[in-house]
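There's a structure below that I have some questions on.
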């Protein structure tokens, strides 16, 4: 038992750190460190930089061009990226669909799709959720009817994150209504430029459009875009979900945001307020405990000796912590988190110098501009990716049988 | 809308206060104010004093010899008793069985049983719970078989509070196994001196024996001890439960105990510790909010204009607050709540003077002796009287339909 | 001890509720938010209902109602998430009636009552956060008719760029005093929307003509705060009442795994906890309004207690309502996210939960209870 | 970064677990509680297993094991609710090995290791509550061989009336120093049971012969406290693991309304939350033990963090286990109430949650995480 990383692991961390520091564009890091608006270009710029290095698919095995890192190395990479202020990798291509293509796709599909994912050239979206199917995913209704060498797809997906930028989308579609709901589902890759595909952004409570509805109206999809066997899509999707591991706790981001919270508390004059400071201290304890939980899972994965089936706990705790730090940041600013000036969330906003003291962000600290929006936005974390209620069901099932 | 009591109500309060102060034995008040052990004699002494005044059955209508007070007057009486340090009235006779006898008993039963209850002469116990039936009371199994002019009772009751002192017990017994579980239940009064009745105290986690198991082995009960009709006992029991109103919140006791908590915090040096003091402040807010909730219910009862069906909320919140003040008292003393010296919980314990500094309660403050025991004991409050989980079911049913 | 509403009060509630339902549908509100967060037309409608003059004395052309009527009105406005800051009228009515000289009173109160003048309290300064005694704005004797000139920068003044006059705390010879500053020369504003969709402004006073209301500025400001707390407590109860109602409706409608999600016990218990928080908040809203006329010390302690309970209730009810709605709970389209954002903003208005916990803690006495 | 146990550690765990199961059934424990809360025979059995000398250096007749082995042992003792205060041996071993002169070391450590000498830390004073730097006991140079005489009253010394020597902080010329005081003239004790069933004593020192261990008393005491925290953290994880297990068993067995109560979703979610608290506590118990050899500042911060998490976990798991058991949860007969009482006492041992939250708060740095 040892808390320290091995010398090799530390060496690995140093290398990653040096590379990230040298290659992460400072303007992007600035935005991430201050929760300013990231554009499509920002996200893709970083993806391509990683792609060029071969690290966009940082979880990929070597045979598919990935670095072949183990669980600890992946964690260290994620941590270094997070602490340096790199944007989160948009996961739908490299983290979500790629492993399915690797595991269940044909060699042709692998050659056709993986390079564009690895390089960051092609933007993928996810088409799972439907208006009627939230936690009950198996009840999905989007139909794909086989007609010759094509599927005709009709229906609607929703909550498609960043789908407004999507070029391809992987979808669960119903190809049969026989048997249990799970059995008639297939896994289909769809070109979003196909006629009949419409994307409608959904405005969220923070005013941003981060998710979308995607409508399919007689969309023709070549049968060679089917992954694996027809009606077996549920199995592949579960395989994919099992790939979401320790990263769902997002503890590295939490550590970075805890630092930011402390900076904000100092600026806002509540760092020396015992009551407020205690709230930060509690959060600090929570984050350390979460990190230890993550490290235990990583260690178990590395050694293979113990099995720790506590992914549900990571999701629950990680999301609660994300909500809490965003809440505390907002509360730290207090009244000065209340002005809603959307332009002030853009990097480089200077206000209107002609107005003098009235031209800047109220109170003068523009870093407060995005705090309430972030807090509002973070409410999603206990809802998506299997709501925390569903996660508690799963944990209870594990414990109670 | 007015927060103040009417002049008549205030006048009433003054009268009750003066009488209670003049008649409550100081040795009993001292024990209550310091959570010292109350003997059977202490409890009955106070009951008889109240009985003589005609206030033991303070909720009774005038026709049965009660004072005929309205809801507000009853509340004021309870508050004055609580703040003065009177022991809680043992409810099984005057508060629980008496209303059932008044509503469903024959005139003979009323004449036979009510005077002994009103005077505090006869100690009653409650026989509802059974080992197999907790929240699911209707599944009770204790049988009463009719043989001529007697019932033969066999079975077991449990959690019978202070049953070791009981002279009579009112029981729910099964007289039929047909139909729904609720329909075969009867309400029977049993003389605990009858052959075949055995009382076995249950030791609780605080080391005290406040509840008991009561065994019935071929106990003969005259049929004239049946209340109302055979197999209708469930209805009568529900009537009784509906009589437990605002008093279940026990807010008056909470106010008294909040004062005690503040005294303890000062003695233990945590009154000036901002962190600890904040916990008291939070509790103070909770108690004020609970009191307002209670007053709203009382006002609604008094005017009859609105119906406020929030008894479940009172039980949940009241019990949580009882647990919290007992927890904070214990935490205030901290290490000095840990010695378990049972004699030190008795009034007048002086320790062993011959031992000098080693002869007293560790740390020297004997008021700390009962704190942990009280905390342990208070865990029952969220379990009994319909567990808080059951109460939440009921509240949810009211809200969601 | 009586928590029934009088027939008058019920009629008032009914009138406001009817106006909210008919005249202030969610679509109109959405349009007002998009247009900046404040609508003069709505203000005029509120005036027509008598609400801007609700607590203005009858001698000053108001209705002369008290705290309970104000509470009833605010609760109904909360149900409709009405953006226009009626609480400002309540505050201005009380401060002017309490502190203004007869002539000043006669100049402003009738106009306030008729909705012709919007008078906003401009107290928030950067260095103060929630502390009322921290103030950098300064006043000094001037040579104009108003008597004083006042300089300073105030943030987050409700509808401050629409206001016709301001109630402004400022230092006068080092002590905190309260002034009335009519909008005019030396007053510059910059308006912006806030998180709940309503409007606020930064207001810069540069040797603006100011009339002294009282040299006891802190006492006046504490009174203003306590009126503000009572107002938002009532408003929040209205919001939470609706929040719980739409959540209940959603849970009974939405199906998962073939059954209404209202059938899941974990969610049912959450609803029970929401009901608990709502009823505690409602109780403390009554308490807050009924304590407004108590002696200053008692009033101050009571209102802080109320704000602590409200803070807990608003956070729990708001967050859980979003959670129980799932995905649609975080969309702009469904109303529940707007309830949530409003409840969030109210927590940070007039001092947040931790701030008022500190007040309660500092003001604790040996005994406590509703009547203490 | 590796949280697997070595084969040695697993064997040790297995040995202790076997002893607990065979030699320390609940009935024996109950008898020990009734007899006062400490049993010399059990202490001898622990010594036979090598546990009293587990962390005593090999040169001093111990096993020379480290913090992880101590953690493994304490966790298993926790599963059995073992009353005898083995943590005291760990503390004494470290303090004597770290501070005692060779001759003193040779005199006491082998006896400690063999279980012949029970050495208890006697630090709790009335005025101190949880503060380590508050101490009224005083020492001064004496004329005996020990060098010093020490006077003062210490409370809540674990098994203090059975101890053969005491580690005692006292003021020496105003500064806090740490002494070894063998039991003898000038030492009087009075033992009593504590809430968890174990034994403690008040110990009165009256010009008792004392040997100076170190003039850096606060540093030594902080080290003792941190060892104590790590010990009880591990012990508590053992207790909580069993607490959850018996609760799960109960929920799956007990029926209400015709179904096992484990089928009620609200209770299931409570169990999920208990599991969460258990795993967070287990994680922080590892963290606590693995940080024991870190530099003093880092160690101090880490151990306070651990105690905060443990405090939350112990309270939640203990209270909920009782609640989920319903009536039998509050009886003396069923073991769950004993788990609960032990967890309660552990919260108030070596500083409660609020105390250590204060420590974390005071020691916060800009960055934070497991490795900071």
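For reference, chains read A, B, C and D in written order, and residue numbers begin at 1 within each chain.
Just so it is clear, contacts are C-beta pairs under 8 Å (C-beta built on N, C-alpha and C of every residue); 3 or more make two chains touch, one makes a residue touch a chain.
What you are looking at is a predicted structure, and each value in this text was computed from that prediction instead of being measured.
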Selected interface, A-B versus A-D, where C-beta contact pairs are more numerous: A-D
Separation of chain A from chain B, taking each centre as the mean of its C-alpha atoms, in whole Å: 54
Centroid spacing, where centroids are CA-atom means, of chain A and chain D in whole angstrom: 42
Gap in Å, rounded to a whole number, between the CA centres of chain C and chain A: 38
Residues of chain C engaged with two or more neighbouring chains: 264-266, 268-269, 357-358
Multi-partner residues of chain B (at least 2 other chains): 274-275, 278, 389, 392
Arrangement of touching chains [line / ring / star / complete / other]: complete
Chain D - residues contacting chain C, complex: 264-266, 268-269
List of chain A residues in touch with chain B within their complex: 274-275, 278
Chain D-facing residues of chain A, complex: 1-6, 9, 72, 255, 258-259, 262, 274, 277-278, 280-282, 284-293, 295-296, 298-300, 302-303, 305-306, 310, 312-313, 316-317, 389, 391-393, 395-401
Interface residues, chain D side, partner chain B - complex: 124, 126-127, 129-130, 153, 155-156, 188-190, 192-195, 200, 202, 204, 256-257, 264, 266-267, 319, 322-323, 326-327, 329-333, 337-338, 340-341, 344-345, 348-349, 352, 354, 357-358
Contact footprint of chain A on chain D as seen in their complex: 1-6, 9, 68, 244, 248, 251-252, 262, 265, 268-269, 271-273, 275-276, 279-280, 283-284, 286-287, 290-291, 305, 308-309, 357-358, 360-361, 364, 366-371
